[in-house]
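Two complexes, one shared chain (subunit A), two partners (subunit B, subunit C).
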Partner chain A sequence: MTTRTTLGGGSATAAAPRRAALRHPATRRDGLAATGFLLPSMIAFLIFVVVPTAGMFALSLFRWNLLSDGQFIGLQNYERLFSDERLWSIYARTAGMAIAILIINVALGLLFAVLLESRMPRWTRTIFRMSFLFPFVISSVAVALIWRFLLDRDLGLVNYVLGILGVSRLDWLGSSALAPISIVIVASWKMIGFSILVYVAGLQSIPTEYKEAAIMDGASAWQRFWRITFPLLSPTIFFLLIINTINSLQIFAEPVLLTGGGPGDASRTIVQFIYNIAFESFDLGYASTVSLTLLAILIVLTVVQFRISRRWTFYG
Partner chain B sequence: MKLRRYPRATSALALTITLVVLVLAGIVMVAPFAWIFRGAISPTDAVLFKLPPDLIPEGATLENFGRTLQAVPFARFFLNSVTVASAVTVAQIVTCSTAAYAFARLKFRGSNILFALILGALMIPLQATIVPLFLVMSKLQLTNTLWALILPGVFSAFGIFLLRQHFLSLPESIEEAAKIDGAGHFRIYAQIAMPLAGPALATLAILTFTHTLNELLLPLVMINDTENQTLPVGLVLLAGRFEGGTLTMIAAGITMAVLPVLVVFLILQRRITQSVASSGIKL
Partner chain C sequence: MQTRKRWLPAATIAVIAAVSLVGCSGGGGGGGGGGEDDNELKLMFWNSGSAVEERWRALADAFIEDNPEVTIDLVPVAGENWGTYLANAAIQIAGGQNPDLIFTAVEGLEFLSSNNLILPINDYVENDPEGQELVDGLLPGLENILSTGGEQWMMPIATNNMVMYYNTDRFTEAGLEPPTADWTWEDFLETAEALTEDTNGDGTADRYGFSWTSNEIFPGILPWVVNQDGNLISEDKCSPTINSEPVVEAVSFLYDLIYEHQVSPAPAQMGDLLSRFQTGEIAMMGAGGWPSDTFFQAGFSAFDIQKMPTGSTYATVHGGNGFATMRTASNPDLAWDFQKFATANYFQKSSIPAQTAIAETWPTEGAAANAKLYATSFTENPTIPWFPNPTQYSDYEAATLRSLQLIFAGETGVQEGLDAAQEELSTIVMCN
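Right after this comes the complex of A and B.
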């Protein structure tokens, strides 16, 4: 270990040499302490994130079915990727469902959070807030199974209620047009409570003085929302965009249990497809290659969102 | 006066609309639970699917629960799920808080690069690495054990991020005072930073616990023996009977999986919402 302390905290590079020299002893002691503090998480990071990620690259160069020895096939899995029309149509479907879920969470979540924060008796607020959070705390499996009952074409409660309203029976889980919509509805029903919870936290952190001052100045509710609430809430919105993008691209339990990904591939998601390739067709090499594409897409999306966010988020 | 009357006049109408929208949404959120609980005490599938559903089904019975418990080892699944979720939660509290403290308060070489790597890991969900993760676990000979479900959850980029954010918000003057008193980093971490991080730690614990409790893909891939299976997979096994015509049993299974979680949530809900609110969750 060399003792070049100017690179100390990374941020210290710009510091004057004199200050860096002053900090030297402390930095060294911190380094020792930091090793101790970081060791547990870094070991887990190495074994369960770094190694699998590296392994994914290695596996993508092989044809392997778990039973026999793997066979090195170079870039064949990647070539297959580009000619795999099924994969890209599943990606298109997944993206469609994910965008819908994302919009519902970020937009409708904000609407409900604002409604929840409007003036009302405390006990009604508690009841509403709780009812939104119920689906969030239970498993996606239970959620999907409950809705499998409710969305049944002939006996389901949803079609019964729609029937009262004059809508004829819809084949929610069996038609290729409605199956992905059902996945979106069920996944959003499950996830929206978390978005609302985070939004409410964000809204509560906005000082009431701002709002009061705006009212004094004669600003309408609409103006107050867009000029005060929205900018101050932008870091929260950004957080939810990132988290919900990552989550909605990973939908798995809902299609597996509601539709089996069908009819055909109409509601199959990419994680479900990876599972099918790896643990049903036992094509681990190709499954890894497909996983890498998902990883690449997630990273690109997050980086792009971070870039764009600099233009619209406001850290007050 | 005019200025004052204006917002008040809209707020009466706005409150009505708000309440109507929220009541409708609340029904959509709660009715499915009520319906499935009702199904669990229905004597037959025909009663379960009765339309319109009556609040308490005719010939209500608790028999379905007994039959479900006989068909699937639910208690065992429950124990496994709670064990895994508790272990992961405790482990994350330790690993995330120590790492977060280091990133927030210690100056060491490579901290920026390391933190960028962890930021990167935020984008690598378990779902994307499930295939090599399965191979790592089989190499370690841990598949088919609960360890295969616990260990991948020990590291959490999100947890480190959340807690680092919190530690950064603590005033440095407290720490300076402790340093002058001769306290080392570990003492500052354990006796000052951690006690002050209560809401953030609670938020992390709640999110981790529910997330781990509800995980489906990991146990589906890692576990073969029924006796080491977790609750979500147990429900999937039970749902295999969807075509078999014992829907009341499935409803009973869902009820047994869901009701305890909801009861615990009801007891803790105020604390949960408060801690998330005060942990200032953002990026």
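Right after this comes the complex of A and C.
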């Protein structure tokens, strides 16, 4: 009882100065200023994120084909999710492609960034940096169109080169086995420049004194990377994991322009499928429902990644 | 209590969003629209190529010259094929873009009419002798194909019939005589085999006898299906027939061209096909009237045309296009005048004119030696009895092409693939 009184009294006494501080004109002014600075982004977030998401949820309760009046159908679209085999097979394929893209961008991106930061002539480094970044800054449509010609079964440069090496023509865009691989190659080629750019910035922010001290202590290159670079780079890796997970699950232009999602659904991604339901089948309600499943999956993945990251990220 | 308060704004937003979004949908026939005044016409069209807008502008200017009080706005809409064009047009219409006239072909008629978006022209035709005269002058089959349930939906401007294009240089190199009008599938196969070559000796053909388009049904498999006395949907357009015997036979024939006879590569998009035909990589391809204009623009003239080969029967497979009047048009009478003007004064160039008298001398530039076939294939042959254009055309076309893609990629057998397609299409092609 005494303890409780003391604790309660303690928190009451701690809260009192806080309330007093909040009543202080200077603190209140700071609070108002902070709100003022945040307000534009809060309004933008409300208009462009919260309201459309709420609208999407509302739409998921309707059957609506764009051109006629909507019909309220309750949770029927949600029930349909469980019996839609095509949806889950497309989700599985999207996940497969997304994991491959994620690994390439995060792991290979790190390797390229470390190589770029290693000893090489300044001009060589500039050329490499620009060539890695170039695909990232050009439009996905242009990238996909270029690759469509490169990967063409009969006229493509890739098969021409493989032919010189004695490999028979591969149907990169027309076979179920190779079409998803082509999407992974093109999407990774397009997106890896961003990962490299961020990694390079992260590597350059690591103080050189740490590495110099490690060299003095006789640490090998691998030990320096694993004991110094990797821990200090872990927040960057974590950031890229989140961004690449979200981006790779939302690929759209590459499958649309390279393969049309085919053959069949072999390279169809979930975002393309949502587009197909909305604007080919004109089923806006179900398209909204599927969009919400994607939103839920992305939120869950991000939360899980945040939780796990506490164990391995190091904010020195 | 506090939790409930926190949820209140979100719930309010959801309700507001729901009400506004559903309210936005409007009715098919609702909402004012079209041009803002009675002398303004807004034309929505498929921007399917670089010269398309220029040609519609020329047509609009010619109409304005006859009707100086009229102004015309053009609304271009993108699309890879008719299905995607119609989908994009529907999005624009739902977004408040209300044209007076919408360009469509037979592919879009059921979709537009069943959604109550367009006006039939029966009354106009009956009460307007000039209109009746134009209907009488149409190529045979066009009036029939552009009517559903007793309603005629538009005065066609042009049409495309499927003919076989062949590269004359490739025929000369192979020492082949041009195909004759009575050639059969067997003759066609022999010709395709003679035209297929392995020029670099790597054991794989690199110049093919024939290919077809993968991104459209009409110039793709439809002529082969119809010439085997089949169709892709039932005559009442209420059920798919894609796994019926004639379709299986036609698709098997095409499948064998790739895998058994190896005279065709996997089908490609129409744009790729036209390029490959001009380079000689593909010696024959099926298409409508549009390559004629494309080839003329490219300065390519080493081609001629012939009827599609006869299977168990022969019928000319054709469509028809034009501007249909929207129900929201501010001045439907003016829209009707435009429809008449557009059919009587041919500007489109890329398709065969709908009026027989004009079609007989088409095209006027870069004509193939056998160009008269564009008109005579209508006037001297039976035409397709009904077009597979169900209400949900965009969805139907996408699902059909997806299934065919799997078959022609060798991922599934013909019968198995068509059975799966039939099952999927049964949920799309239906009548209430």
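By our rule, the second predicted complex is superposed on the first by the 294 of 316 C-alpha atoms of A that agree within 3 Å, B and C clash if a C-alpha of one lies under 4 Å from a C-alpha of the other, contacts with A are read in each partner's own complex, and residues count from 1 in each chain.
Methods note: a contact is a pair of C-beta atoms (placed from the backbone, for glycine too) under 8 Å apart; a residue touches a chain by one contact, two chains touch by 3 or more.
Just so it is clear, the structure is predicted and the values come from calculations on it, not from any experiment.
Novice: Scan A:Ala213 for contacts with subunit B and subunit C and give back first, second, both or neither.
Specialist: It touches nothing on subunit B or subunit C.
Novice: Once the shared chain is lined up, is A:Val304 touching subunit B (first), subunit C (second), both, or neither of them?
Specialist: Touch partners of A:Val304: none, neither subunit B nor subunit C.
Novice: Counting residues of subunit A in contact, which comes out ahead: subunit B or subunit C?
Specialist: It is B that touches the greater number of subunit A residues.
Novice: Looking at the overlay, does A:Val51 come into contact with subunit B only (first), subunit C only (second), both, or neither?
Specialist: both
Novice: I'd like to know which partner A:Pro263 touches here: subunit B for first, subunit C for second, both or neither.
Specialist: Touch partner of A:Pro263: subunit C, not subunit B.
Novice: Which partner chains sit in contact with A:Leu59 here, subunit B, subunit C, both or neither? Use first/second/both/neither.
Specialist: both
Novice: First (subunit B), second (subunit C), both or neither: which does A:Leu67 touch?
Specialist: The answer is second: A:Leu67 touches subunit C but not subunit B.
Novice: I'd like to know which partner A:Val167 touches here: subunit B for first, subunit C for second, both or neither.
Specialist: Once the two structures are laid over each other on A, A:Val167 reaches no partner at all.
Novice: With both complexes overlaid on chain A, does A:Leu145 touch subunit B (first), subunit C (second), both or neither?
Specialist: First partner only.
Novice: Examine A:Ala92 and indicate which partner it touches, taking first as subunit B and second as subunit C; both and neither are also allowed.
Specialist: A:Ala92: touches no partner chain.
Novice: Touching subunit B and also subunit C: which subunit A residues?
Specialist: 51-52, 55, 59, 155, 279
Novice: In their complex, what parts of subunit B are in touch with subunit A?
Specialist: It is residues 3, 7, 10-11, 14-15, 18-19, 21-22, 25-26, 28-33, 35-36, 39, 49, 51-53, 94-96, 98-99, 101-102, 106-114, 117-118, 120-125, 127-136, 151-152, 154-155, 160, 184-186, 189, 210, 213-214, 216-217, 220-221, 231-233, 235-236, 239, 242, 247, 250-251, 254, 257-258, 261-262, 265-266, 269-270, 272-273, 276-283 of subunit B that touch subunit A.
Novice: If we count contacts the way the header does, which residues on subunit A are in touch with subunit B in the complex?
Specialist: Of all residues in subunit A, those touching subunit B are 7-12, 23, 26-27, 30-31, 33-38, 40-42, 44-45, 47-49, 51-53, 55-56, 59, 112, 115-116, 118-120, 124, 126-142, 145-150, 152, 155, 157, 160, 189, 193, 197-198, 200-202, 204-205, 215-216, 218, 221, 235-236, 238-239, 242, 246, 250, 252-253, 256-257, 271, 274-275, 278-279, 284, 287-288, 291, 294-295, 298-299, 302.
Novice: Can you list the residues on subunit A that touch subunit C in the complex?
Specialist: The contact residues of subunit A facing subunit C are 50-52, 54-55, 57-59, 61-62, 64-70, 153-155, 163, 168-169, 171, 174-176, 260-266, 276, 279-282.
Novice: Spell out the part of subunit C that touches subunit A in their complex, as residue ranges.
Specialist: Where subunit C meets subunit A, its residues are 10, 13-18, 20-22, 25-28, 83-84, 87-88, 90-91, 93-94, 115-117, 202, 204, 206, 215, 265-266, 276, 281, 392, 394-395, 398, 402-403, 405-406, 409-411, 428.
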